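Labels run A, B and C following the written order; every chain starts at residue 1.
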Amino acid sequence: MIIEAQGLRRDYGSRRALDNVGFTLSPGHALAVFGPNGAGKTTLLRLLTLALRPRSGELRLFGLDARKDAARIRPRIGLLSHQTLLYDELTAVENLRFFGTIYGTRDLSTRIPQLLETVGLTLRAEDPVAGYSRGMLQRLSIARALIHRPDLLLLDEPFTGLDPAAAASMSRLLLDYVREGGSMVMVGHDLDKGKELCDQFLFLRRGRLDLQGQGDDAAYEELRRRLHAGSPA
Amino acid sequence: MHELRCIWTIARKDLLTEWRTLDRTVGSLVFALIVLVVFQFAFALGDASPTTQEQLLPGVLWTLIAFMTVVALSRSMLMERRRDTLLALAVSPAAGTAVYLGKLVAGLVQLTVLLAVTMPLAALLYDYPLAAHLGPLVGVIALHGFGFTVLGTLFSGVVARLDRGEALLATLLFPAITPLLLSGIRCTGAVLSGDALETYQHWLLMGAGFDMLYVFVALATFEFILQD
Amino acid sequence: MKSNRYVALYSLWAVTTVTMIYALWQVFVLAPEEKVMGAVQKVFYFHVASAMMIYLGVFVMIVGSIAYLWTRRQVFENMSRAATESALLFATIVLITGPIWARPAWGTWWTWEARLTTTLVLWILLVAALMVRRYAGDDDLGARLAAVVGIVAGVDVFVIRKAVEWWRGQHPTVFGPNQREGLATEMQYPFVMSILAMLLLFCLLVWMRSRTLSIRQRLAACVEQLDERG
């Protein structure tokens, strides 16, 4: 089991950002997390990155306790955000080498060219990242997220600001990742992308789990209905 | 050991970025030159008698060192804010202590480079034979400059997480380093006048104590700054 | 229970008011005029008492900050913030009453002697710490950053004091090893009363401010919930 979450609760001061959220994720599966702004999606993702700790509840990643074994969990998680998380003054190779070393990846001299090939950036690899287009930046971000061969990829609205070609390119890379055995949690607003890439979803509203389902048409219809219905009864 | 490698990798990354943006370092040196010129206008240091110089020079030097510290450090953490790379570091296996120490090392190197140029420049402009006391002087500057950088790196971490307030770094740092500033000025003055070590060794001990205390506090609290 | 807290708070308010009035009466009516400086010397009572409260406030700030980082309970963050603000208030009082006393006593509005200089530096440091709080926002991150700054600044306060003392001498010490001027026996009672009054004022300020912060946070949470319901 990649993720086992139960009764997760997180407060910001007196505001309840997450309330009694629980779910599981098996290896090789992808989970989409939807919800209006302020529903707690980003909070949930931050909890999964271990940058944040829950007030109460249980969280196990890869069978390990998130509180006690954070050091063993972190090397197995990759993060992809709408921010590039890259250093502008460094080249693609230098960025990948930096993060690869931080994550303790061993075979960097072969892995880096391999990854750059996969994301199609070999030609511009020695140029400072500052000169990259948005699409190129996002492709390098994926390479950065995958450099250490994570078992779990966490995505925070990764398709923001991408043109259709760049978005298609990224979808392809992510689908490859899942097909090769990776697991994924994607937070966002884009229902179509969620349906395309993920086989399960969660819908959060005001920190609580409003709807949960497999990624079939019927479930998504229900989800669309709830999203457009506005406030519940 | 992985942690040591992280520290080195982070320091190296900071310094490499500095190297690529060397024009900013040149800007800092020009700023130092301006400060030295202003002090000349303010106190006529270059034309003063040796006794007056001995009185004023320590204060001038340490004001310059304090400014150089702020200049060197304000870029270090702010670089991490641009593309949210601070978050990337926070979720990585690199411990908070490793990030802090990496940035501290980079900051120390940068400050050393800046001071290695500006201190001789000051000696030249004010026609003061600093080289005569080079050994003890370097020791005093190293001891206190280290403390400046320790606190400065910690504060720049705090400031980097704020939405605005880049100016806060100087506002926080200057009052906080008062003990080191006073100690640095006293010790430098004593060295330049050739005073015996016993007269100012209590200051040195305080400076060393301060340094150790704040390295400890920084290592203990930096993790809280990185967390979300 | 809430009603108990109200009773306790109002009792403290009442006791503080009574003590303060009594202390003011003691100082300005009953205490003898100092033979050299006259009536202005009476500022001394509250000046010294306020100075003590700065350090008490800083101490509470350190403890509250550490407690917050340890437990993440909002009450400690509120307490720490209230203590920081109170320390700043008392520092302001010291910096205002100092010159009022200094002018007739030493002929100058300001002197860079050790304790006044320390208080000035502390004042700036506390303002900087509060600026961090202001810029940091009301969430957990802001509280944590403020707590870290609180610990660093708080501990620094005691080092700054020592360093500035070494840097200069000459502050008329009434108590302590450099006892050059003792305090006349008739003045001791008003002095103790003024300390007591300031101490009660400190406690009252910190308590009330903490409660205000707490109520404001809960109100913000309610508003947000109502907002979401549309």
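Everything below uses one rule, namely that a contact is a pair of C-beta atoms (placed from the backbone, for glycine too) under 8 Å apart; a residue touches a chain by one contact, two chains touch by 3 or more.
Keep in mind that this is a model prediction, so the values were computed, not measured.
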- Compute the shortest path length in steps from chain A to chain C over the network of touching chains. 1
- Note on the structure: Greatest centre-to-centre gap (Cα means) from chain C is with chain A
- Cα-centroid distance, chain A relative to chain C, in whole angstrom: 48
- Take the average of all CA coordinates in chain A, do the same for chain B, and state the distance between these two points in whole angstrom. 39
- Item | Mean-CA-position distance for chain C and chain B (Å) | 32
- Note on the structure: Within chain B, the set of residues that touch 2 or more other chains is 227-228
- Message: Quick check: in the complex, which residue numbers of chain C touch chain A?
- Response: 72, 74, 138-140, 217-218, 220-221, 224-225, 228-230
- Under the touch definition given earlier, write down the residues of chain C that touch chain B in their complex. 69, 121-122, 124-125, 127-129, 131-132, 135-137, 141, 144-145, 147-149, 151-153, 155-156, 159-160, 162-164, 166-167
- Query: How about chain B: which of its residues touch chain C in the complex?
  - Reply: 151, 154-155, 158-159, 161-165, 168, 171-172, 174-176, 178-179, 182-183, 186, 202-203, 206, 210, 213-214, 217, 221, 224-225, 227-228
- Query: Mind pulling up the chain A residues that touch chain C in the complex?
  - Reply: 12-16, 38, 55, 206, 230-231
- Note on the structure: In the complex, the residues of chain A that touch chain B are 46, 49-53, 71, 74-75, 77, 79, 81, 83-90, 94, 98-99, 101-104, 128, 144
